[in-house]
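Residue numbering begins at 1 within each chain, and the chains themselves are lettered A, B, C and D in the order written.
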Amino acid sequence: MVSVGVVGGTGYTGAELLRLLVSHPDASVVTITSRAEAGRRVDDLFPNLRSYCDLSFSDPDSEALAGCDVVFFATPHNVAMHSVPALLARGTRVIDLSADFRIRDAQLWSRWYGELHACPEVLGQAVYGLPERFREQIRHARLVACPGCYPTAIQLGFLPLLQGGLVDAQRLIANAASGVSGAGRQASVANLLSEVSDSFKAYGVAGHRHLPEIEQGLADAAGGPVAVTFVPHLVPMVRGIHATLYGTLSEQGRGVDMQSVFERYFAEEPFVDVLPAGQYPQTRAVRGSNRCQLAVTVPQGRDVVVVTAVEDNLVKGAAGQAIQNMNLMFGLAETAGLDRPALLP
Amino acid sequence: MVSVGVVGGTGYTGAELLRLLVSHPDASVVTITSRAEAGRRVDDLFPNLRSYCDLSFSDPDSEALAGCDVVFFATPHNVAMHSVPALLARGTRVIDLSADFRIRDAQLWSRWYGELHACPEVLGQAVYGLPERFREQIRHARLVACPGCYPTAIQLGFLPLLQGGLVDAQRLIANAASGVSGAGRQASVANLLSEVSDSFKAYGVAGHRHLPEIEQGLADAAGGPVAVTFVPHLVPMVRGIHATLYGTLSEQGRGVDMQSVFERYFAEEPFVDVLPAGQYPQTRAVRGSNRCQLAVTVPQGRDVVVVTAVEDNLVKGAAGQAIQNMNLMFGLAETAGLDRPALLP
Amino acid sequence: MVSVGVVGGTGYTGAELLRLLVSHPDASVVTITSRAEAGRRVDDLFPNLRSYCDLSFSDPDSEALAGCDVVFFATPHNVAMHSVPALLARGTRVIDLSADFRIRDAQLWSRWYGELHACPEVLGQAVYGLPERFREQIRHARLVACPGCYPTAIQLGFLPLLQGGLVDAQRLIANAASGVSGAGRQASVANLLSEVSDSFKAYGVAGHRHLPEIEQGLADAAGGPVAVTFVPHLVPMVRGIHATLYGTLSEQGRGVDMQSVFERYFAEEPFVDVLPAGQYPQTRAVRGSNRCQLAVTVPQGRDVVVVTAVEDNLVKGAAGQAIQNMNLMFGLAETAGLDRPALLP
Amino acid sequence: MVSVGVVGGTGYTGAELLRLLVSHPDASVVTITSRAEAGRRVDDLFPNLRSYCDLSFSDPDSEALAGCDVVFFATPHNVAMHSVPALLARGTRVIDLSADFRIRDAQLWSRWYGELHACPEVLGQAVYGLPERFREQIRHARLVACPGCYPTAIQLGFLPLLQGGLVDAQRLIANAASGVSGAGRQASVANLLSEVSDSFKAYGVAGHRHLPEIEQGLADAAGGPVAVTFVPHLVPMVRGIHATLYGTLSEQGRGVDMQSVFERYFAEEPFVDVLPAGQYPQTRAVRGSNRCQLAVTVPQGRDVVVVTAVEDNLVKGAAGQAIQNMNLMFGLAETAGLDRPALLP
């Protein structure tokens, strides 16, 4: 039994880690921290967990955390980097769901996150937790940086095209849309139901923090520089990411059977599902599941390829992918605790 | 392994039976029928089931169904009653999720459902599938009539009050609200998102078909006639039933500690959860789960007691409760396949 | 042209006052205050008002406000009562949309609002701004206390029954549901879309601040004490109040043609619309309008009468009713600026 | 007073025409037809119109329609083209909200709409009803073909870029999203709340009927062929279109101050509103209004320009634009009946 600690358990990502881990056959949460809610029962905040989780939130305590096999950080950015080095030094493995270890270049990180990185010397140890790309490295990692929710869907959708050189890497467009849970469980006016329900908008058009992470990952895959125009949108729904990806076909991309390319690329992947030709993914079909569903189309047989991809931002985009990483790190079945169909309708 | 047949698998109740049964450790769906969709893959209609369910819909075929250990009818009313007698004669056990066998009095049934009952002689064999009331009878039943979604929440909420004689049985008010999935997956204008989203309304105020079922069940519990005013409402959400129940305290009800009454009454129930005093249930906290959560309050210490109760209409209100009944009928753990926390948020 | 000042313009009630007043033929907003947003353009916060409203929020300034013909307070409770006496002394008329002047009994007010009333001597001057009850008094009022959103729908629905002595005044049940905009435009976790979307719940079951106001108004109408059990619920929609009201018929109420009673009672009312028998109101049919739509039913001809009523909580439940009051106070057509159909769908 | 007939009044576009026209100072609906609902009162179907509209639906009757000054067709495609020639011959002016007269090339029309055009000889008379492009021609038109909802937002957003030669006309991407009312008020499973709420998806990726209309309009503006990749999406909301438009800057487009380009281009337009730099449009800010709000951004100063545009699909995307056209055709103020702020929240 893998003993798990969770730092920052009062947000949606923390709640989702708990929801999934209470049914995990080989892992068990032993401590969950929150400064703000210390002493309060977890199931008082999340009544769906009544009888499944007997824990109360505790103040962050390095001893208790260091005693775990693995600690998940479900915190905002700029938190984990202050605690991770000490945990690693104690031999505790770490899975960080925040942005602190996703960008290899500490200066680039600083530019987008607005402060100096607290432990740039640790960045080199971090493995980027996208199992479809780095499965073997993850198995042996001490520190995994889980991808952001947008970057997961966008990278999965572009990977087969870029690794095959099928599109122009300089002209990638990632038009994406997220449910409101992606904005977290913080008091705000902007995400009140009365502000975002029955409406739709783009945001962060001039620049969103997930852009450097997306470009870093895709450049690795393309074997050279890429340029991505990334525009996120807010959907009046709770969970779900939908990415609509546009690529201009390269010479070698013209006339290629894209359906086959995608089916082959993901043939062995337990959590990536290429839909049959003519079907398009919808976020509700992955709600609560760790699955990414994809479709690929070349409209009117012209020179633009369109990939549409969906995931649950809290599962494959966060907590589920973190557990998939944990499963790999501890030699468990990769699908352990994650093998349930989505909730539809 | 219990072999299961499902009749009418294209509605939400059928889809939910499949979602739950593909993860059930001791049961397996072997045939699923639909006249309209015969030949179509199930996961083509319900893409959340891709890789979990390899079946296609088949035309209803009495041989295939009779070969199952149990057949679930997830059909509109007036369908099951035409097939059930033959299945019972073949020794197949039946769990009917429709209204056909819920009302013991065939004439009363006819009045509310608009036609003659096709097999009134079978009504006496049917056990009403509310385990919290009829657990022992269900274990031995050949035919279980699963309660309606509203009647489940409303009966669970009133039972402790009526069985204790704590309220006036002639003055019960059941104000309830349902998500739109309760209206089924049929083409209609009335349930288009554009018609029901961002709005709220009562319907069926003059009389709803669940009323005689509710009054039958509560009269049994009260040991005498009851009068219920039942007003259902439509909520712009997918899943969930919320019941707000009002009772006038009887002499022996005054001053009673209702919290204790409810906690004791449901102490051994795996799927009924009485919330701590001061908390009120919300439908999202039982979304996708088989749980009913309840709270009881006597506002301002006056003479009216208010019970609020929630369930997922597709789970405890339909497919989940049907599986709970199956578990009892086949000697399985009552919670088998149903023991997962709700999806929140 | 009536010159209008608005205090507290950054909430939904303030925004709705502006939306309605920019199209009012006989009134014009000349100043709008907000401490938090002083200096910011109004249409920067509310982009629907671009080109309709050229104002910026200003710091509350008693001189500017006193120069207006009328000042609307669209503030939380416990604010208006500190400024109103001075405005009245200057001859400025006041329409308060908050709770400060709704309860005649200062001690009762203190019990529910948690502090001493700042100007109990002014309470006697306040006219309760429900035109269907107090039209003539409103015409001459210097200070109007606008009813709460729940109390408006609930009083309108019960009035014909109580004034006719048709129901038992001691056994009234008001089961009501509100859209989330009723909770205001304050940063909070509780009203995030991710918390309240796709869910339904009761709240304040043990006691809600609108109860004393409801009982005060209904006791006036009944000519004696009343007892109301009031349970509010939260609907995942932006605007709308739906009240489901239950009364036990009195001797003289039995057999009465309730449809006629309601049609006669509201025959001359410009903003109350009794639906034809068999139709039930829905909140979307009054979205954005100042109308209350009502239906009355006696289910199964038993002894309980059910009234269902809808209004837009921000219009007839707040800003629209305030303008209706202003129209009366200044001798304008009662429907001026308010005579547009609701936005459906 | 312009006398108006409406053909096909039971859909959302018809209902919206009525909602707007009952408040129009210079026009009045005298007949409204529906085969399916003939004889039924309009306000029975649309209770928001009670007291505003005293009409009942009538069977289509060419005499009654020919007697109107103008007839609006709010019908599905393939209906208007069978009636329009006779109306024009009688001297009645026609505003068609369907697709029948939008495409100049009858063969192209047939390819996308699946049958032969009934009156190709009339196509040449039709003026495309986008006032921002064809205001003068509309004034004198006998037959106006109102643009589709997607084409309105997409053309308005691309026009300043294409007419200025600022982007590569061969590489246009139009990623758009619509509320569900765009799918109409027909009985269907696909648009049930339970199917589309709390979810997001693309549809018609391989080809959508609005594409040829978009390309025809943009080619006119560009003065040469264009290629648009158009992917529509479905948003769980009632009203609203959001377009996210991507263009690759041409040589002359580099370094241009796009904010100024857009502000100048639309400076005189009463219904197009360019937001200040740094603000992005949201559909709720135009809900119920005839306005299109736009923003333009060049992310990170790279070579891609992004335009985001919103409109209410039922107003500027249908009924409101039709009335704007009527106003022009009859010499009324262009904004008559349309000059109200949007409903927010």
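Everything that follows uses one rule, which is that contacts are C-beta pairs under 8 Å (C-beta built on N, C-alpha and C of every residue); 3 or more make two chains touch, one makes a residue touch a chain.
Because the structure is a prediction, the values reported are computed rather than measured.
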Subunit A onto subunit C, rotation angle from CA fit, given as a multiple of 5 degrees: 180
Comparison of A-D and C-D by number of C-beta pairs in contact, larger one: A-D
Rounded Å distance between subunit A and subunit C, as computed from the means of their C-alpha atoms: 45
Rounded Å distance between subunit C and subunit D, as computed from the means of their C-alpha atoms: 37
Chain centre separation (subunit A, subunit D; CA means) in Å: 38
Where subunit C touches two or more other chains at once, by residue number: 12, 179, 181, 194-195, 197-198, 236-239, 281-282, 284, 287, 345
Contact set on subunit D toward subunit A in their complex: 171, 173, 175, 177, 179, 194-195, 197-203, 205-207, 227, 229-231, 233, 235-240, 242, 244, 246, 248, 278, 280-284, 287, 295, 297, 299-300, 302, 304, 306, 308, 310, 345
Subunit B partner contacts - residues on subunit D that touch it in the complex: 12, 179-181, 183, 185-189, 191-198, 236-238
Parts of subunit A lying in touch with subunit B, wherever the complex brings them together: 12, 15, 19, 22-23, 44, 46-52, 181, 197-198, 238-239, 273, 275-276, 279, 281-282, 284-289, 293, 340-345
